[in-house]
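Each of the next two complexes has subunit A plus one other chain: subunit B in the first, subunit C in the second.
Moving on to the complex of A and B:
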């Protein structure tokens, strides 16, 4: 409960800071929503050529992916904005500030920053879901659950990828590229990918667990598969946290003097 | 006069050539896009040999060329925006060159090495996964691909000049990027569009940044090449002229405010 309150407090403070620059805040959030909207036209054209289904995915299924991904991604950068800057915190010695505070390190570090454009992503995801999906209680419940699971996995993955900075110096470019790759993969019908590459999408770039199976569960619900998926999600997040803490043993303080207001 | 700007072009080119190995690493993302689309096109094509006259091979090569232009360009509006905001633009006023043409030539020169590395990777990937193009005219492709970057940079010059009136011009760039993505036919050739959108998109300025360079490269005909080159020349001149007009007004405003 205390941890949730910490995240909420950070959110409140960061939002208040962002609202000081209202025009920039609105233009960034609206810009991001417009940015995403352009791709609806892309899929309309694609389905115009492909017919009603692309390898088992209807237009509505693809729109489910395009609702889920912005909401999950938005939550991950709005509430845990520092998850995209972990490498920088490590190599510039800025972790000291968080290590000295009487709060759980990972949560405190991740939640202390907010990326404002993420609010546009979140709004876009919800609006697109409401506009394109049948609004049954089960579907809404699964949408919320999968969005939260996706946010958690994206954060876990960033922890995992950026932790390489502890071991190999600055891995920022690799981590950003890997995280971007996962984000790109989750926006396309999973069934177009075949063969051994799917193993990569179940492990290092786990699009299967956060996007492809959720769509399958929306198409036809299966309780056992839901539990397997959530289990895989928990495993990924645990791996990220464990690698971070194991890398932390190699961390060298930056001797930085900093103040956090 | 041309020599002045071609020197700026070649300095930027040499400067950026040093970073070619770094581009190669960053281009992994480009390969991922090609990989995703090679799978997507394979499914969409299904048993069909062609869609709107293009084969699966041509559709994949098409994306490699549009992405070469899109990912190869340098965001020149960022630098213009910073110089306007900080007032450092004032220092360039008494220099013996046109600030806009300087930025344009610099942008072109910096884009070439990135485009070369992208074209290399894109060609390699397309060749391995889709096979060779039935016919390819390298000279025509080079001209229209450069023309494509020229068009996008002319847009970015115009966006940069808007910094005289807007504090943040990046949202204009996002808008431009999306128009090139969709109306310009960056991911999907305009020939695949529904008729109502096709007629709107084909000769729009955005199509000369993506569709025309790529379609000339994958399905060459002299008529197509001439249309692409003429359209690119027209839009580049138009956009540069509008930028110059706005720049003159902006500079007056800058002087009034004291730089």
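Moving on to the complex of A and C:
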């Protein structure tokens, strides 16, 4: 409960800070939603040309992906905004503040920052889901569950990728590119990928667990597969947290002058 | 008296990449990087007693901040042991953090775009204070640090002095037993510095908070600290009271004298620092000659109208430390 309270407190204070500049706040949130909408137009044209199915994915299935991804991504950067800046926090010595506070380091560090455009992503994901999906309890429940799981996995992956900064000095570019790759992969029908590449998508870039299988479960529910998927998600997050803590022993801090924005 | 901090044989080594000048060297460094070990802290041992105000002095790069980071659990030591309030800061970092507060002059824990009241309230929540406890504590600290008039203004609109007062208040929100202050007076004007010093003394007196202070400011050290540790090149080079530092370590006195005639003095151990018509400033090396002997010698030559004997200013002591005078 204390940890949920902490996340909520950070959310409140970050939202208050963002709203200090109302015009920027609104334009960032709305801008992100508009940006996402342009891609929907692409898919409408695509399905108009290709017919009702692309590699087993209907237009509705693709829209499920396009609802799930912005919501999962949005949650990960709104509530855990520092997850995209972990390398910078490490190499510029900004972990000090969090290490001196009596809260779990990873959660405290991740939750202390918010990326405002993520609010636009979240709103967009929800609206698109409501507009394109049948609103059954099962589908709504799975949508919420998979969104949270996707957010957790995206955060776990960023922790994993960025933790290489502890060992290599600066892995920021690598981590950003790797995280971006996963985001790109989850926006396309998983069935277009075949062969050994899928192993890559189950491990280093695990789009399979956070996007492809959730769509399969929406198409045809399978409890065993759901548990396997959630288990894989937990493993990914655990790997990220473990690598971070093992890297922490190499943390060298720093004297960079900084402020909390 | 119990020890608040106990450090034994503490050493911290960093591995640093060696790179020669130029593009070719950069390419070589990429293919076959070379590293060297830097000893930022070398086998230091000391104790700080509860309720003490300790100055931790040394030039830039001496290892002060690294030592604080080791003591607070931010950095892992290469060797040696640390006990803070009976706890190991590395294995019990979370538990220890309820009992220590830190102010790093260069790093802020306040939200830049929000009023300090919001950051202080959040800090109360981070330290598991109830809403009522947080409110009472903020009222108490706002009273002591005189924050009431700007507690609701965004931090970005505060002066540096106001911001530092809020930073210190923030670090005291959970009533820590030890407060680490790493150059808190950096960039402040003399009036604000004096105010911060008064506040530190007040909190030490009222809450019996142990203060561990690093500063380059002579006034900070002279006016608020009882003891000092001097570190240079990562090693502890001197430890004692501020009084000892001034009276014993720097075995010199300054004599300002006004005379009825021009004074020319040539005694071994006496240096004329300044001389202007009928006034002179002399620096006396006590190991060579006593103050009494110097005064007698002056009186033999001229009539004394006024005389002041003082210690060497703390500024000079610190300057000497930084130039390796104690190393």
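One rule holds in what follows: the second predicted complex is superposed on the first by the 254 of 261 C-alpha atoms of A that agree within 3 Å, B and C clash if a C-alpha of one lies under 4 Å from a C-alpha of the other, contacts with A are read in each partner's own complex, and residues count from 1 in each chain.
In the analysis below, a contact is a pair of C-beta atoms (placed from the backbone, for glycine too) under 8 Å apart; a residue touches a chain by one contact, two chains touch by 3 or more.
Note that the structure is predicted; figures quoted are calculated from it, not measured.
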### Task
Figure out whether A:10 sits in contact with subunit B (first) or subunit C (second), or with both, or with neither.
second
### Message
Touch test for A:49: subunit B only (first), subunit C only (second), both, or neither?
### Response
first
### Query
Counting only touches as set out at the top, which of subunit B and subunit C does A:31 meet: first, second, both, neither?
first
### Message
I'd like to know which partner A:193 touches here: subunit B for first, subunit C for second, both or neither.
### Response
first
### Task
Report for A:180: first if it touches subunit B alone, second if subunit C alone, otherwise both or neither.
first
#### Entry: Complex contact set, residues of subunit C against subunit A
14, 17, 65-66, 69, 72-76, 93-95, 97-98, 100, 102, 104, 106-114, 118-119, 122, 125-128, 154-155
### Query
Can you list the subunit A residues touching subunit B in their complex?
24, 27-28, 31, 34-35, 38-39, 41-42, 45-46, 48-50, 54-55, 173, 177, 180-181, 184-185, 188-189, 192-194
### Summary
So, in the complex, the side of subunit B touching subunit A is made of residues 25-26, 28-29, 32-33, 36, 39-40, 42-44, 51, 168, 170-171, 174-175, 178, 181-182, 187-188, 192-194, 197
### Residues on subunit A engaged by subunit C in the complex (per definition of touch)
2, 5-6, 9-10, 13, 16-17, 20-21, 94-97, 99-104, 108, 169, 249, 251-253, 255-261
